[in-house]
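Quick one: the structure is below, and I'll ask about it shortly.
So that you can tell them apart, the chains are marked A, B, C and D in the order they are listed, and the count of residues begins at 1 in each.
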Amino acid sequence: MQLAFQQFINALSLGSIYALVALGVAILFSILRLANFAHGELMTTAGFTLYMTLASGWNWVLAVIAAIAASVVAALILERVAYRRLRNAQPLTLLMTSFAVSVALQSIFLLTFGARPKGIELPAFVDASFRIGGMRVQWLDIAIILITAAIVFGLTLFLRKTVIGLALRSAADDFQTTRLMGVKANALFVGAFVLSGMLAGIAALFYFATVPNVVPSSGFEPMLKGFIACVIGGLGSLPAAIVGGFLLAFLEVGSDALLSDNFSPYLDAIVFLIAIVILRWRPGGIFGVRLTAEQRV
Amino acid sequence: MATQGAILSIAGLSVSYGTVHAVRQLDMEISEGETVVLLGANGAGKSSTLNAIVGLAPRSGGRLVFAGEDITRKPTEAIIRSGLALVPEGRRLFSNMTVRENLRLGAAALSTAEFDRERQALEDMFPITRRRAHEQAGLLSGGEQQQVAIARALLARPKLLLLDEPSLGLAPIIVNTIFEIIAELKRRKVTILLVEQNAERALSIADRAYVLAQGRLELSGAAGSINATTLEKAYLGEREHA
Amino acid sequence: MHLQANDVVMKFKGVTALDGVDMELRKGEIVGLIGPNGSGKTTFLNVLSGVFTPTNGNFRMGDRQWSKVSLREAARLGIRRTFQNIRLFPSFTVMETVEVASAWLDKGDRRENARIALDALNFGQYRDRIASELSYGMQRRLEIARAIAGRLEFLLVDEPTAGLNHGESQDIVEVLQRIRDQRGCGIVLIDHDLNVIMNVCDRVIVLAEGKIISSGTPQQVRSDPKVIAAYLGS
Amino acid sequence: MSMLSGKWWKQSLVGSALLLAILLAIVAIVALAGSTTDMRILMVFLINVIAAISLQTYAGNSGNISFGHVGFMALGAYGSALFTADPAIKAIGIPDAPAFIREAQISFLPAMLIGTVIAVAVAAAIGRVFVRLSGAAAAVATLGFMVIVYTLLSNAEQLTRGSKAFSGIPEYTTLGWCVALLALTIVVARLLRDSNTGLGLRACADDPIAGQAAGVDILNSRYVMWVASAAGAAIAGALYAHYIGAILPKAFHFELTFVLVTMVIVGGRSITGAVAGAALITILTEVLRRLENGFSIGSINLSEAPGLTTAVLALMIVATLTIRPQGLVSRWEIEELLQRWQLRQKPQASARTEENHA
């Protein structure tokens, strides 16, 4: 029972991270049809920023702000340099571009920081924990869960109550008609990239708080998990991304708990296999509607 | 005709999609306060004309002047912000969003306070937008959606309202409501360019009419001067000028 | 052989696009389908050719009856079509475009069969051109060539003269008549050009709001008051 | 012109022969005039061409990119390596492996077949999922597959030595093997591409609705190509293992995936494109490596991620996609390129004669 509760907290915390990554991916995909594989490198950018600022003695609050800002700036640079001129390109072209951008950024990190892991000097409170009824619960997990909930709540408010939020939602539905409302296309793209960058930065903070080492390829694993969360949820929908993220985390923690220790190194393989089985029956994801563009004759 | 005080003047407009010429060398003018109807069979180029005016269709030639400003090369959003509004064919409401949210986007350039003022003024004319403000737009009936779409376009107080087939796919009784709304807009001196297939109804409400066939202007003149015979000939592409 | 549509209903998200359509199509006959925008003409073609599964109703052809059929199965039954917005294979040559249908819907040498279908439409010297680089009129014709390669019982043509000038439209009309005469297939023709419809069709069916409001010879339909009120205008 | 009329498979054979002739000419030149290093580069190039053509057999025909084929390469490599390595070495390296593996020492061809069968079996088992996906979902799922294989190989320590190198693999891969298997790959890939299945699938990649309306069965056609391309990738993997003599899971990960996919995308949507892409990327990698290190080790697969090389390659991809999204040779095969070039010359020539007459 106690163990189950602890696992539940773990799954919620892990699911929060996956959901944040998946949300960042889904925002760009829903509006631009861009599968941004470089989302992981936005996280790595935040990771290296965190490493550098903390290593040079910055206050952790400033370091956190700097890390998120670095992700946002990186996202904006990508929008301007790589994606803006490809706005009307085929989805496959966009996909390959983002893949190449991801590799290029990893190489730049490699040239700048080298291949050796950089340990992030986390503040002590990250390890703090408390006990209830004999169970040890990490404050970090609680913080991750609560902050993620607050972010999802804030994002929902933003998308429902502000004009730019409404415009982002309507653009995902019907881009042309959104422009007919007088909304500037550039503003939409910039807005989407800023949001995506922010989510990548925050997800990176949580991710590196649990895995306090950063290497050039750090972003690959969480990026892939975020994408798979999106795909099993239903690519392009924000609520589906969140559900997909938590589903993936519960699969992961659940498999880990149920299987013997011999299998734990294979956890990723097992979880991905389950995801593939889900896709066998629901190729569009759990909430997936078949993309209507293909059916429009 | 109305050269002085033309709110929109179109000269030599051509629209091509690749190798298809949807509109060829179209000249047209609309004066302030007028209701002008653009008629023609399916595929004659009516919708392409409206889309070209707001910059959504590829313009391959011609010049557009709106409210004294050359809008030929402007992007859609800039044209809209200069005072044009288009109610597109098929309504194109954001179906997953509420009626109120749809309206808010129609006034994207306004502050919230301005929006609330405009919205209240419009709610009297379109009670549906108050009654069903918080319902998903996609769940409304076709006629209700059309009303919301028109209200959404009016929120920014456009200098010229373009209506693309507002009666399309609606039951006859609902079509009556829509035409009553257009008549009311006309009374309120809203300048309107209307594309319609229901020629009879449209002519009864309009001041002037243009008729397109195969992308070319076949006929133009005062609405009263056009009757069934001239119209059918024009639809069939038999050139005759009234 | 007849193709019979019984009480076909098609609803999208609560909007009724087809509202109980009964229709009998005969081989060797050219049937025109007209009506205002949004009256359900293209939806009917889409349901008949397997793009959409109808909400209700069924079809019968010969001794086969079905209510749900995929695009591919419809094609194998000989129900072939063109599209309102031309759908070719942009990277394919003219020859390859038709070869696809010959390969999947015909027996024997696919190149030989494709050549025959292309020659029927006078594509001779254009065989190696890229489909998407042809003129618009040629693209319309190529779609027809692809639709007649292999088994052909009924040919559904959606606005084949849209965007064409008078001469090109006339060409298409002659091509369709020739296909009907040579292959003995039935043709369903949607077109906005009433001249084309009135000249070429043996029978015209008028749709409005998803229902058939009139049918008969072109002359009968043209003078039907219901048609004038709903479509032609008076 | 005349060689292109007649039955489709005749054209496939003509095209295969032309492509092979060019590759053989390159082999002959390097064999006669090249250094040992050049030979090593050539061998890796030939193996890469086999891998790229195999990936192309799926990607080029279906229009779906796959990031998972490196997984099939890995299965082919480990499958073949396990059954050929010296039992004495295996007794030390993987003492806990099942006896039939530990004690096996079979020759190259049957071992390669085992590796290929393993890859084909896996591809057949999971293929039905992948053929239903397209676009970004397909890319993500295949990337997931690549990670699955990687995770399995790097943790199955009793079998693969885990993330450590599995060495002592007999170096069976000779120039002869490479050329023979390359010839086989080219002919099979061409026949598949030009078959009714390949033609229909390429049509559906352009427009799935129109393709199905012309009678094409998308899902089964994709499945055929998926399984066939997995077999080709496995063969390339086996050749690679028996060339280098040592493999490790990391060699079949993100890096190689990127290189392989780049070859296919930069090349274009044909077998000829895959060859052209492989050639261009191999040459570029070597040039960049020499600039970076001042010397070359011939393999583009085993080395640690060389930041500069990869960064430049990535930027090249972005540039190619921006300037020439259809790739170097677009959709054309070599004989079609020659024919189109001829056709372009002709009207000009006749125009010139007309001028002279005037």
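By definition in this document, contacts are C-beta pairs under 8 Å (C-beta built on N, C-alpha and C of every residue); 3 or more make two chains touch, one makes a residue touch a chain.
None of the values given here were measured: they were computed from a predicted structure.
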item	value
If a chain touches chain A and chain C alike, it appears here	B, D
Graph separation of chain B and chain D (steps between touching chains)	2
Interface ranked first by C-beta contact pairs	A-D
Separation of mean Cα positions, chain C and chain B [Å, integer]	32
Chain centre separation in whole Å, for chain D relative to chain C (CA means)	43
Two or more partner chains touched - positions in chain A	295, 297
For chain B, residues that touch 2 or more chains besides their own	95
Sites on chain C at which at least two other chains make contact	51, 83, 87
Residues of chain A that touch chain D when the two form their complex	29, 35, 82, 85-86, 89-93, 95-97, 99-101, 103-104, 106-108, 110-111, 115, 216-217, 220, 224, 227-228, 230-231, 235, 265-266, 268-269, 272-273, 275-277, 279-280, 283-285, 294-295, 297
Footprint of chain C on chain D - complex, ascending	5-8, 196, 199-200, 202-203, 206-207, 209-217, 269, 326, 330-331, 339-340, 343
Chain B-facing residues of chain A, complex	160, 163, 166-167, 169-170, 173-174, 176-185
List of chain B residues in touch with chain C within their complex	17-22, 41-44, 89-90, 95, 138-139, 142, 165, 168-169, 171, 197-200, 214, 228, 231-232, 235-237
In the complex, chain D residues that touch chain A	63, 65, 67, 126, 128-129, 132-133, 135-137, 139-141, 143-145, 147-148, 151-152, 155, 208-209, 254, 258, 261-262, 265, 304-305, 307-311, 313-315, 317-318, 321-322, 325
